[in-house]
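Accompanying notes for the structure given below.
Chain naming follows the written order as A, B and C, and within any one chain the residues start at number 1.
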């Protein structure tokens, strides 16, 4: 029972992180019909920015964990939001009319560039960094099962971010503008919406959410490294794809589904838990064979 | 200049250009210092720019249209001369062989997404399948030469596992299939004990009719490096694959593949089997990549998961893109640049992934057709003027 | 002469609850030119897409030249002898004029793997023959095209692209040609010229049937033997141009019902 509970909380945790990443992919696809594969590495940059901010805050004498946490979150969010908007402005918008594969490739390469830059230029960037524990460490005991407060806080925060995003998209003027741009560039422009601005804001928003995921990942594992974004980005992309691109709920579903697959893989093959990623990705490939446009398919767009 | 140039036969212009390229390659390979290497790169860039401005490039591509076979032979001969010059040195021969192996791989990828539009971000995985096959063949006691056909076959067969999702999906959805496979494959290698886990496996030397590739042959009193064997075999393999891919492109089949890439709906309305074309391209491409991987395994003497990561797949894709999608000559040129530059410039060795990603982004932004853009298809060289 | 080449019987097609085609029936006789007209969104192009196998009909039957083509793949429809053009040009812009025309010739070219890779001599003869044929067809439409058979299509003006698209549809000598708004994006004179060319080629091929979707009524009046009018996915009239033009339902459909 305790082991199962552990798997459950772990799966919930991972699912939340994956969903946060996947939501970014689906937002970008929604407004521009592009895949920004550097998303995972933007997340990594967010985690490193947060880490740097926490260390700097500590060095400046703000030793209270809450102060450090605030610094971490503010700087991680701001840094990735700016980075996301910059990528959209200088890499993605100029390539808007190029073949879609070119944008995928360009952002894949950008991801590599970000990853390598951190590895080469961040002080001792090639080694993992110990992310500080900034959350309360108390725990609740339910029979054999221990629920740690930090896990609970992280999961609740992540879900709150997802709900907040949902409200933002569906209940605010900004959300309306994003949805209009996602529908059709021309219509959005005739409605008087500043198309470029909304695209940049969407990319900033999606990237900021990735930073949340990055910081969550750091706080949960107490470790970050320059390569963390590759796998997280790939999982987020897969989650967005199996959910069905451009669909917010599909992305969330995909994120939790992927985490569930990893947990099932780990439980079903305790003798070879290293195979859990192999299992999860194999299922992704099989899902693509079964539902080539995702579980919740996007609107068909090939006009004849 | 352009005027004078137009009076010289195109083929002569091309021959001189290839000869200059050969001289450059010899000088370049001999340099040790970073300063000399960087100066030579700058020289080459200026020469390429000036040559394009003066119309040399146009004349050379004219020659490539009129006498494609002649140009190919000249380049192959140039390669052979290059090997002859460095016959005793391990390092340059290893470089040359690696370039030719990577060029072969990139030609396979070209069939897949250069022609047919089937994206494959798992090139390094199929390359790895070929390489691991060579390790298994070597340790099983089978004749090592069998690792080449078997490597090609295993890559093609394992690729078949992906055929249904690859064929049914399009665009981004297809990309995720091969990306997932790429990561899955590397993880699988790392955790699988039968394949040596993270340490990998060692591979025995290639043997052909009692000729052991691990020993350097002695010819005309020269003790050649044992890499000469592999370089020669790589040249033979590249030539074979090049001719095959070239013929494929310049045939009705090549046209069908192009039509599938450019407009699936239109192609279907003109009777072209979309699935058939995609499966054909995917399987053929993987077989070519696996073949190259098998030779690579034998040459390296060991295989390990770290050589077949997703980042390596990206480098392979970068070669295709850098050279120009669907352009075989561009592919070879790009393979040479991508393989040799970081090896010669030790200063940038550490930065190579960063540099390549920057270069590819620049190419995508400013020269999306690549270094040597693919020309319009000529099924056969046009009849030469006055050659009745 | 009631030699029916194609008949659509009670074709129905919906997209997510929206009825794009509802019980549509019409036929084409051999050698006839049928005009398919109606307001935007009335189901004209959808009929073409169902007919060419891009969409599977929800109900009804398609019989072509004695064979049942209901739900057949686009490839099978092409092999049966139906070729089409598209409303928005679907040429491969990177490929040469010759290549684009040869895409339409797919079914008549030897697609064997061994043949294409290793029997280069036979392939050369086939390429040369196909080249002569494509050249003859292209120069019928536009004498300039003959000099530029290996120029990429992307470099050509719209009118030439339309012509090449029609050459692509005609090269394999189909029995039925489907033209989806050939006048789109062209001037009045260009359209007139294009239609004359199509009629001239039709004379040569003899017996080619055509279904044409067109908004320019002048074109319909000039070339069509018969017209079918669609509105909201249903057939509302059928007959000669004069007959349907004077039909009250048709006028209402075009002017908006009062």
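Here, a contact is a pair of C-beta atoms (placed from the backbone, for glycine too) under 8 Å apart; a residue touches a chain by one contact, two chains touch by 3 or more.
It should be emphasised that the depicted structure is a prediction, and the values quoted were computed from it without experimental measurement.
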With centres defined from CA atoms, tell me which chain sits nearest the overall protein centre. B
For the chain pairs B-C and A-B, which is connected through the larger number of C-beta pairs in contact? A-B
Using CA atom averages as chain centres, what separation in Å is found between chain A and chain C? 48
What's the distance between the Cα centroids of chain A and chain B, rounded to whole Å? 35
Please work out the Cα centroid separation of chain B and chain C, and write it as a whole number of Å. 42
Where in chain A do residues touch two or more other chains at once? 304
For chain B, write out the residues touching at least two other chains, lowest number first. 265
Multi-chain contact residues (two or more partners), chain C: 54, 86
Where on chain B is chain C touching in the complex? 244, 247-248, 251-256, 258-259, 262-263, 265-273, 376-380
Would you mind writing out the residues of chain C in touch with chain B in their complex? 52-54, 73-75, 77-79, 83-84, 86, 90-96, 99, 102-104, 106-107, 109-111, 113, 116-118, 120, 123-124, 127, 150-152, 168
What part of chain B is in contact with chain A in the complex they form? 113, 117, 119, 121, 162, 164-165, 168-173, 175-177, 179-181, 183-184, 187-188, 190-191, 265, 310-311, 314, 317-318, 321, 350-351, 353-354, 356-358, 360-361, 364-365, 368
Complex contacts: residues of chain A adjacent to chain B: 29, 35, 91, 94-95, 98, 100-102, 104-106, 108-110, 112-113, 115-117, 120, 230-231, 234, 237-238, 241, 245, 272, 274-275, 277-278, 281-282, 284-286, 288-289, 292-294, 302, 304
